[in-house]
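In what follows, subunit A forms one complex with subunit B and a second complex with subunit C.
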Partner chain A sequence: MKGQEIVAARNINLEVKDGELFVLLGPSGCGKTTLLRIIAGLVEPDEGEVLIDGKVMNGVYPSDRNVAMVFQNYALYPHMSVYDNIALNMRVRRIPREEVDRRVREVADTLRITELLNHRPKELSGGQAQRVALARAMVRNPRVYLMDEPLSNLDAKLRVEMRAELKRLHRMVDAPIIYVTHDQVEAMTLGDRIAVMDKGVIQQIGSPIELYENPKNTFVASFLGTPPMNIVSAEELVGVDGLKALSPPGSLSGLSVGFRPGDVAIGDGPLSFDVEVEYAELLGDEVLIHAKRGSTRLVIRAASHTYAGQTSLRVRLDPAKLYWFNTEGEAIRQG
Partner chain B sequence: MSRISPRRVALLALTVSVQLILALIYIIPFYWMVIKSFRFTIFANFPPNLLPTLQTVGNYVYVWHFSAFPHWYLNSTLIALSVTAASVFIGSLSGYAFARLRFRGRDILFYTVLATLMIPFPVVIIAEYILMVNLGWVNTYQAVIVPSTASAVNVFLMRQYFTTIPQEVEDAAKIDGLRPHQIFFRVAAPLAKPAYAASAIYTFIGAWNSFLWPLLVLHSVKMFTLPLAINFFKGANGSQIYWNQMTAAEVLTMIPTIVIYVVFEKYFVKGIALSGSKG
Partner chain C sequence: MRHLRGHERVSGLEQLTGYLFVLPTFLILGVFVLFAAVYSLWISLMHYDPFFHTVYPVGLSNYKYVASSQLYWFSMLHALEYTGVVVTIQTFLAFFFAVLFNEKTPVSRFTRAIVFIPAVTSSAVISVLFIWVFSAQGLLNAFLVHLGVHPENWLESTTWAFPAIMGLNIFTTAPYFMIMYLAGLQSIPSSILESAELDGVRNAFQRFRYFYFPMLKFTVFFVVVLGIIGSMQLFDQVFIMTDGGPGNSTYVPLIYIYNQAFVFDNFGAAAAASFILFVIILILTLAQRRLISEVRWA
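What follows is the complex of A and B.
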């Protein structure tokens, strides 16, 4: 890629508070890891400043920033025991041996890895390795924790367990945690605040519920929530009874209407229209119906008993739960 | 089980015979050298007598006690160990720089280093000799050691290995407070042990067997290495070769390389696998 500059993150301006778990959420390649590496000092930004406690950190060596980082692939030192992995930082700083030992054992106890201290990283399972990586970060008592997709290499069950573990640890430490993930469930469940990033730009910052209820644009709207929000061109819905009354003033052309899969009901009434069913996924007491309206695909979440396998359905929107977006994809107002 | 077809049997037989012939071509001179070193007669007859006879160990005693053989052994050991240590150390430092550091012209420089592999040694031998003369190094140990310390092969081998160490591990080390030189010595180098072993073995054997360059720059008999010294078991003008003594000297010369090969065989294979890996 010679001769071509790639800007990974631009015009980022954010402030993280003490004790906060701040999530950088976005699809892969959106610049969130680069941003984290800039904060850590592993990459120097072309422009702009990184401040920790009001002090400019640009040009300061990573370890002198007093940040700790947990990596996606754990990044443990393969040739050292778990004990040495955790102790390395303190040894480099020439902390007395008794003190190192006390702190390693203390943090190992907190993370329940005491029995692993003499093992080598290759003998650990993914979950254990991630605990060791967390221990290595915690033992330093850093000013900021940086976590780069720490759970993405774990299987689904372990991920849920470790999420709970992270919540517990978060309550124990005062330092802010900046947490990078592409998994919106992780972001919603862990984050005090979330910054949604796309193509190197922060799209919106807010609490999980704020982002979920008031997305600033179609990207945020469709990134949060499983399944994601349906976004339909208003032109596809021309003629739907009652829609015009709810729409922003002016022509419908170029506008999009958003609604969450759960805010659509099966049945006739105001704001109803027909869809063709492509397939349905039964999830127990609810069903996800994948349907088509014109050229647009929709997902409808309904109670299992309300759907009997029809190939076409009439569905009804909830007028209080419509989102309107303009041609640029920005939210206009909530319906 | 299906029966093996006659065609396959024939093919197998052919393959095995070719391999056997090739193996014999390599083994027979070696075998002859070993048995000859235990014989009284100095002559080498043709066709050679390949009967395994142990007549005397006197040739070994003579070689060891009545020539400067122990001294030459020491020369060879000193030179080969120095070349190995320096070349592997320098190769690993520059290999690491090419693998990990970002600097202007890095790739061009790396490919230039690699390109030196394409230049046959005889092409530079005169220039290098003149350099030794001007430095006043002719007939010194450093004349044999110093030019061999920069090895493009080792640079390449080490670079290939260092690129396989995950960047994240080094990032973690930076955050843990290790400075770049500490990252090299405490993290990268310990993880590159197999590459160190492979390049050390290659370099040692290469330096131990080296003949042409030492022949040019080492003039006094006291400075000789073993491959040069073997030449001594010839009469004046090469009129008479003392085959039994010469083969004894050869066997003694070969022992270290054989031991190294047997002990570190797995690193040999790994070394070849490494140098063949993509960069």
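What follows is the complex of A and C.
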């Protein structure tokens, strides 16, 4: 009756430092939430160790790990008031009533939810529920904060507000925050360091700017940045003047060229080629041109005034902003 | 799509469609519940002899007759005793079963199905089966002998017949109510229980105290109300297994009503007795609704 075993995450090795906001970034189903749940102790790994402060946590009960988790749907206790939601973990630990009260009010004050303490979760807006979930985590003074897509249930405007709030909170606590998201903008704006995951494997770890400027493979390259990096097989660009001179030594076959939408300009010159325009999105002072070169789709970001609605365009690449990838999709470092 | 506001009038055709959809249910309820209830209230004020078609009003004398019947109040006392024992045990047992079988393992699914079998078996079939289980050479004694308990002829003992029927009914109704609790338990999002686990809620007692019980308060209320109504209406098992005996030791209100109507042809008294029972059940239900004021959490 046993189902097929699925390996959600393998060979993960990472270290998170004190006071760091560490983002696990990846598409849904890449294993990032599983990793978070392993750290929390909600799932025991088949192999490997989880250490907090140098102590092995395997087999330690979740509540004894002194980690706090903020869930995607907040997981507030619907039958308890906001006050009781925040106080529960201290009550089960038999902390004296006055102490509980003091700490609940303190954290409610920090997160500006004092006036909500007597409300039930169903009476809260998304942003308020989010604050309560954070308060419930903070009140315990945990050794590690784990956050599982905490902003994904909020609308766009509120998400920006809560991002700022999270930054503020992060500065107040010393404990590291491990933050799971599939939203690369969130990862870039919040993270001190990011680990990009795909198919249960960590693809690359680094600061946001490192990952953006030196992606290790096509997955990382196309996952960070909006719109994502264009990746075109070198064969589609055969004959482009000056390309061979910039390529890594050897044959062009099997290689791919990557360039960010903003690193292509409309116009003729060296490294230029023709594309067919499919459609354009006008965003105000800039325009996103969705085009095709052979069978490959690309996006070009240009100033609005430089594009007059042509159906075919000549564009040129910035020679300093090219990325080369081998057959396996790994970046080839040059120079 | 047309936007419908609260007070907006619905077109005649749409109204007709709506009524047509509820018509079958209304017909069935109307004929077998509403009409029957009103008709029996009417009968309770009549001398009613269906065989000779003699019907004439007698005022409240049927009620006087029932109210002064020692057997009726004796049967009512039995019903209360039965309700107290059966509802209490089945409410807890059903909850216990539900928590026990709430896991999603193949074993728990299998055992859950087995436990549920008595709840879906016809009460008449179960009763006939249990006449044998409770008999002198029956299954129950066969077990008890091994424990050194003196065998009893359960259904023929004035001491044990009623408890035996209680036991049988707990056996069949607890799994039925287990399903209600299970539905309630499974509607609790797993992230809430995980969050609780991180908060330090670690043993079954704490989970019960802080989560299962408060979140299932409404289900508990529901199970108790249905249990009480069901207990007051106890009939089939008694009718098949003991017919109110031995002596009057298992005499319950519905046996009284049945006997008045179909044994003594006293339909007026039977109707009056039913109406009194109805009022008592109504009062009990309303009282409970009062006692538990705020029971829903979401």
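What we mean here is this: the second predicted complex is superposed on the first by the 330 of 335 C-alpha atoms of A that agree within 3 Å, B and C clash if a C-alpha of one lies under 4 Å from a C-alpha of the other, contacts with A are read in each partner's own complex, and residues count from 1 in each chain.
What we mean here is this: a residue touches a chain if its C-beta (ideal position, glycine included) is under 8 Å from a C-beta of that chain, and two chains touch if they have at least 3 such contacts.
Every value quoted in this text rests on a predicted model; they were computed, and no experiment measured them.
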item: Fit or clash between subunit C and subunit B when superposed on subunit A; value: clash
item: First (subunit B), second (subunit C), both or neither touched by A:Leu134; value: neither
item: Which of subunit B and subunit C A:Lys122 touches, first, second, both or neither; value: second
item: First, second, both or neither for A:Leu298, with subunit B first and subunit C second; value: neither
item: Where subunit A meets both subunit C and subunit B, residue numbers; value: 40-42, 61-63, 67-69, 71-73, 75-79, 88-89, 92-93, 136
item: Residues of subunit A defined as touching subunit B within the complex; value: 37, 40-42, 61-63, 67-69, 71-73, 75-79, 88-89, 92-93, 136
item: Complex interface listing, subunit C residues touching subunit A; value: 106, 189, 191-192, 194-202, 206, 210-211, 214-215, 297-298
item: Complex contact set, residues of subunit B against subunit A; value: 166, 168-169, 171-179, 182, 187, 190-191
item: Residue numbers on subunit A that touch subunit C, as the complex places them; value: 1, 40-42, 61-63, 67-69, 71-73, 75-80, 88-89, 92-93, 120, 122, 136
